[in-house]
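In what follows, chain A forms one complex with chain B and a second complex with chain C.
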Partner chain A sequence: MSEIASETDRDSSSERFARGSRLVDLLSKTGLSLAIVTVILYGSFSSPVFFTAGNFLNILTSMSIIGIVVVGMTFVLVVGGLADLSVPATIACGAILSLGLQPIIGPVPAFIVAVALAGLIGSVNGALVGYLGVNPIIATLGIGTVALGIVQAAVGGVIVYGANPSSAEFVKGRLFGIPVVVLIFLITALIGHFILSRSFWGRWTLATGGNYSAAEASAVPVKAVKAGAFVITALAAGISGGLLGLTLQSARPLIGQGYEFSAITAVVVGGVSIMGGFGSVPRAIAGLIFVQLLTNVMVLEGVRTPVQGFVLGILIAGAVGMDSALRKRGIA
Partner chain B sequence: MNSADYALNMRGISKTFPGVKALSDVNFSVKFGTVHAVVGENGAGKSTLMKVLSGSYQPTSGTIEVGGVEARLRRPADAQALGIRMVHQELNLVPDLTVAENVYLGRMPGKWGFLDKKDMLQKATTVLKEQGTAIDPQERLGNLSISQQQLVEIAKAYAADPRIIVLDEPTSSLSEHETAALFRILRKMRDAGIAIVYISHRLKEVLEIADEVTVLRDGSMIETRPIAGVSASDMIQLMVGREVSNVFPKSPAKIGEPVLRVNAISDGVNFRDVSFDVREGEILGLIGLVGAGRTEVARAIFGLANVVQGTLTLNGKNVIINSPAEAVKAGIAYVPEDRKGDGIIPAMSIRENISLPVLKRLTTLGRIRRNADRSLADQYVKKFSISPPDPERRVNLLSGGNQQKTVIAKWLAATPSVLILDEPTRGVDVGAKAEIHHIIGQLVADGMAVVMISSELPEVLGVCDRIVVMRDGQASPPIDRQDLTEERIMALATGEEVA
Partner chain C sequence: MPRMIALVLKHRVAIILALTLTISGLIVPGYLSGTTLSLGLDRAAAIGLIATGLTVLLIAGQIDLSGGAIFALAGIVSVILQPSIGILPAAFVGVLVGGLSGAINGLLVVGLKVNSLVLTLATMLIFRAVAHWITNSQPVSGIDIMFSLAMAQIYLDIFSIRSTLFIVLIVLLHVWLTRTIPGRNVFAVGSNPTAAEESGIPAGRIIFFGFVFAGSLAGVAGVLQSLVTNTGSPVFGSELTVAVIAAVVVGGTRLEGGRGSALGTLGGVLIMAALTMAMEFQSVPAYIQQVVSGLILILLVVLDRTVHTRGRTAGAIPLLVTKNPITTGGKT
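Right, the complex of A and B next:
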């Protein structure tokens, strides 16, 4: 993943497997970039469509919506919060509200309110997980269901349609030749990367995930940091949902289904430890690129959907298994 | 007496951990039908020896005979198969099962995977009756008091028809009355021919229950004697009697005004009415046996645990501390006992560990100033000669001593006025120990107030100016080092003498 490797990556990852064998060491550093190159080579030979600007732009655009969630989810995994399963609900909340509120308060305020309310969902998750110590899987699953219910009840309908075509135009349009959605994703990724690797909050996040009680004893506000990761994820999912709604100009309650799985897959395949304490945004995005390319090749090859799911499932199980194995060698 | 009379015969047992010799050439024999006490200071090797006996640790060298037959105990199941049962200080029971189910946990009677409940209940009733306890075998375990649970744990060991039962501090949660009940059961088991190994800090109880006593010190067996003719002070002498060596004498620092005053604090559970003060340039020792409440006091002062009563005065002002962050702000730092659990973030570098408590000070507009972060780490790596001298080295790749130096550096970076050190030299080699003493000496010379918790009496007597001895959650007033000897400290810590 040298193309997007950053300085902080080298800081921490180079030592991670210092006790492992050289082969393991080499694989852990270059494995993902090798895999990405392999997929690109295979795709280029097997399909005439794959290696075209149009296809890559396609991949990039479809990657962007999920990519924004991946940035947030990275924080949840790094802080040791396992996973945020309320993402589908938060995305739906963002999409439904940003469309549904348009006729009332206009497109931009609608988007902002949608994201803010998504953040509220995240703070409830965060309060439960960080301050009350509820298991994150249960807490986010429960809160997601509750939030979705409230939004649906408030909106009243089953599907919400857009009322402001110009906002759709903007989101689907381009700025400096780059699709707006892609731009927003890149900005989110940069901000996320800055926070995790350069800011005190990011250092606290890594410390909390790395050793909760030592971080607590080092005057790190561990509870707030843990809660914060869920707020960050919810804000990201809110933005993602809002963009999704504006792009599609319609939103159903199940619009976000499957996004949590894709996001977790990308983060884990990117080598971010599910046990917390280790990972970076660029790594997670590398994982996302790999998964997206692989899916694209499978689609172009005509691989049936169930088989695609099978491959991705194997991938996530393999990545998690690898993480535990490496953790045993490296950290133990 | 031939070897078949011995339930247990351990010969020449040594156990080496990387960098530490935990046991060296220990001989330990227990006869059938006796209660054999094992005493020693914290870290004398009692638990290591018992872990070897229970199959949790493999001895580096030495032989073990159980009932006259040589045995190799590769895992706990091997020891259990030979009839060796452990009753640990922490209970290993399932609260939601009944007493009977707990007693037969893992060995439930029945056929083809079906549980024979009636049989189990009957057997459990018999066992409990034999022990003379009035516990209903059908009661849910979680409804019992801790002391009753302790008796169930013993019944569980007894029901397995053991040859050797090892009890580790069984009376630590029992009242005097309950202890007497326990002793009745132990005597019954002893008279049934079971060999009982009894580990305790409470010398009075040892004198009461034991037939023989073995004293361990610094990983070596000092002496095994019949209890007749042994007094508590004899045992204390054997436990501490060693030459004072490897102690870095404190450089005399000018002692000033009290910095931290602890006024009658209690946490409602582990300690009560603890009062002391520590002055500028002073090292105050806080000592006591395991479970006396030393660490709990330190954690409470640092805001990691609640204080329900009492107050703290820092530099003349009353302070209320509810979290480590508030403690750091007030100027208190704490180097915890459990270095791996509470001290280091293993996956982070030396640099990232050191700057953690003061990260906000190194931050502009949310961004950590890289140069400030680096120079802080460089400064302490150099000052404490942390090795290897590479601030980017991941801290879990360092030796114990260097990890400890990193943790101390982390706290000095926060420039506290009071530093609490909990077992700062445990598990570090002699060289690193001297370096850490040297660092502490420099700190007090610069006017810092230091509270040092340690289990090593020579260290405490060599380094500290005044010493507070804790026992069962209560603290003695600070005593000048000149007025103390190792024997007197042990007497205070075991309750043989009241301060």
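Right, the complex of A and C next:
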């Protein structure tokens, strides 16, 4: 306690630095919430449809599919695994198999098999990155290409359509007034948050990402933890893909294209560092909410798609720039 | 025998290329004819030019995901300006736009000290958005189809303008990287930026010019593509990024920086092109082609990884241990 007090004393001794760092500290903690509030305020004033339950439900539903991936991707970034670029393949695996296997083994087993196989892809990624030390970008890019090819070969390279309307009804339906997809997203996020922030696995993940050698020396099974992050992401992407397939009732091989970048965007905008060792699921989801709200406002305002891409790009650049600036000050 | 293995591993890129060409030549009728090879080489040139720029960046420890977007943007600019300033000046401006885009990447990466993976992901979105913006998402076409035909002309049965340019550039780059001081400095920056900076090598400047070089070459590739096809399109080059990274990595350049070679990249580009050509001639479905190229990428990276670690543990340290009379119990 006294140590903390002396720390604060020393900080306030130099007023100029203290003022600067307090402001930055405040910004880093509340910046995102402020941004979200600003977007909501702007949206409500500029468009009559923005602040309605219907619109918010739309945003929630549309962010749920990608949100499940975001939960997994958070682990990859926190553990210092840079990014998982095999997400489009694992999503396609989830979607194509959960629809394609329906006539053979029924909807629920098909979904489970699809997610399990996506997890298998993740474990190959994990083995390459965690145990063989291959660069995550190359490993996930390569395995993603291979996996997507195999899944396509398995169904003959065609678009797969759903054969079980009742499962589609269930996924598109509501439970207690909340869309099922949103519920699944919330459950995934809660589990992800619990694992990352409350469990030993989460502590290991943060330790491995923060300082690999130190974590290894402290008997953290760093290789398994690193591999695990990729398995978690693949499982999440598999679930997300399965839900996407069931919602659309059709799955093409490129169904997951772009999801990897959207997920990375959300996580990075949420303030999770790409260098690893820092971040949480709620932060990543806050990033996702901000990106989704912003996109929604831009769509309602009639902003053209290319401009939206432009804004998103600047957003990511700004977020990483801020991350590195905060890092230099030793706050984030 | 170990020396044999080392020799084979050292020249693995050349050996794999020779094997690919031999096997394809035996299986595919007419594969080793001038027409086929020149076509393959011409198509490889677009990937090759971007890969040439990326080689320098990867050696310097950075990555550029925005190459494909710059490719599209530069091509569009060079086509759009044709009516007002003529074909050649427009082409020049297109290349300039590429260099400028690279300079933006470089400035942000060096200035903000951010991870180039995320930053070029952001600028990729931005450049792509600008490309969609100025074309209204429509393809644009040039003014003189005859000029395009002249550009696509094959000389000496095998070389087109862009394949010649690619080969000349990559050989020049090889000489520059291996025989000049700035070239060697790139390796120093890639293997340890702090140490390089301490020894008086301007790491920031080298990285910046690396990005400018990569951007310019992506611009050249895009402009040539647009001149040959007489078209500029905002969706051009979206699938190039993966192919380019794969080609460079297959050529033995490490993503972690500090290791790589221009001739290796030439080999990597040629291997990928030869494989694609052979599989297309045999009407192998696209998804099987993906599996094959993905597997080759993973295989080579894992091979590279195991060779590298074995070289360290089985080469250097045990030599000391076994030759030491104390550790071997005095029985030398």
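Methods note: the second predicted complex is superposed on the first by the 309 of 332 C-alpha atoms of A that agree within 3 Å, B and C clash if a C-alpha of one lies under 4 Å from a C-alpha of the other, contacts with A are read in each partner's own complex, and residues count from 1 in each chain.
Heads up, the rule we're going with is that contacts are C-beta pairs under 8 Å (C-beta built on N, C-alpha and C of every residue); 3 or more make two chains touch, one makes a residue touch a chain.
Note that this is a predicted model, so its numbers are computed, not measured.
> For A:219, decide between first (touching chain B), second (touching chain C), both and neither.
first
> Kindly classify A:166 by the partners it touches after superposition: chain B alone (first), chain C alone (second), both, or neither?
After superposing on A, A:166 lies clear of both chain B and chain C.
> Tell me the contact category for A:203 with respect to chain B and chain C: first, second, both or neither.
In the superposed model, A:203 contacts chain B only, not chain C.
> Taking the superposition as given, does A:152 touch the first partner, chain B, the second, chain C, both, or neither?
The answer is second: A:152 touches chain C but not chain B.
> After lining up the shared chain so the two structures overlap, which partner does A:278 touch, if you call chain B first and chain C second: first, second, both or neither?
first
> Which touches a greater number of chain A residues, chain B or chain C?
After superposing on chain A, more of chain A is contacted by C.
> Taking the touch rule as given, give the residues of chain A at its contact with chain C in the complex, in rising order.
82-83, 128, 132-135, 137-139, 141-146, 148-150, 152-153, 157, 253, 261, 264-265, 268, 274-275, 304-310, 312-317, 320-321, 323-325, 328
> Which of the residues in chain B come into contact with chain A in the complex?
It comes out as residues 302, 304, 323-325, 327-328, 334, 336, 341-349, 352, 355-357, 359-360, 362-363, 366-368, 392-394, 396-397, 410, 414.
> Once bound in the complex, which stretches of chain C touch chain A?
Going through chain C, the ones touching chain A are 63, 108, 112-115, 117-119, 121-126, 128-133, 137, 242, 245-246, 249, 254-256, 285-291, 293-295, 297-298, 301-302, 305-306, 309.
> Residue numbers of chain A touching chain B in their complex, please.
It is residues 11-12, 15-16, 18-19, 194-195, 198-201, 203-204, 206-207, 210-211, 213-221, 277-278, 331 of chain A that touch chain B.
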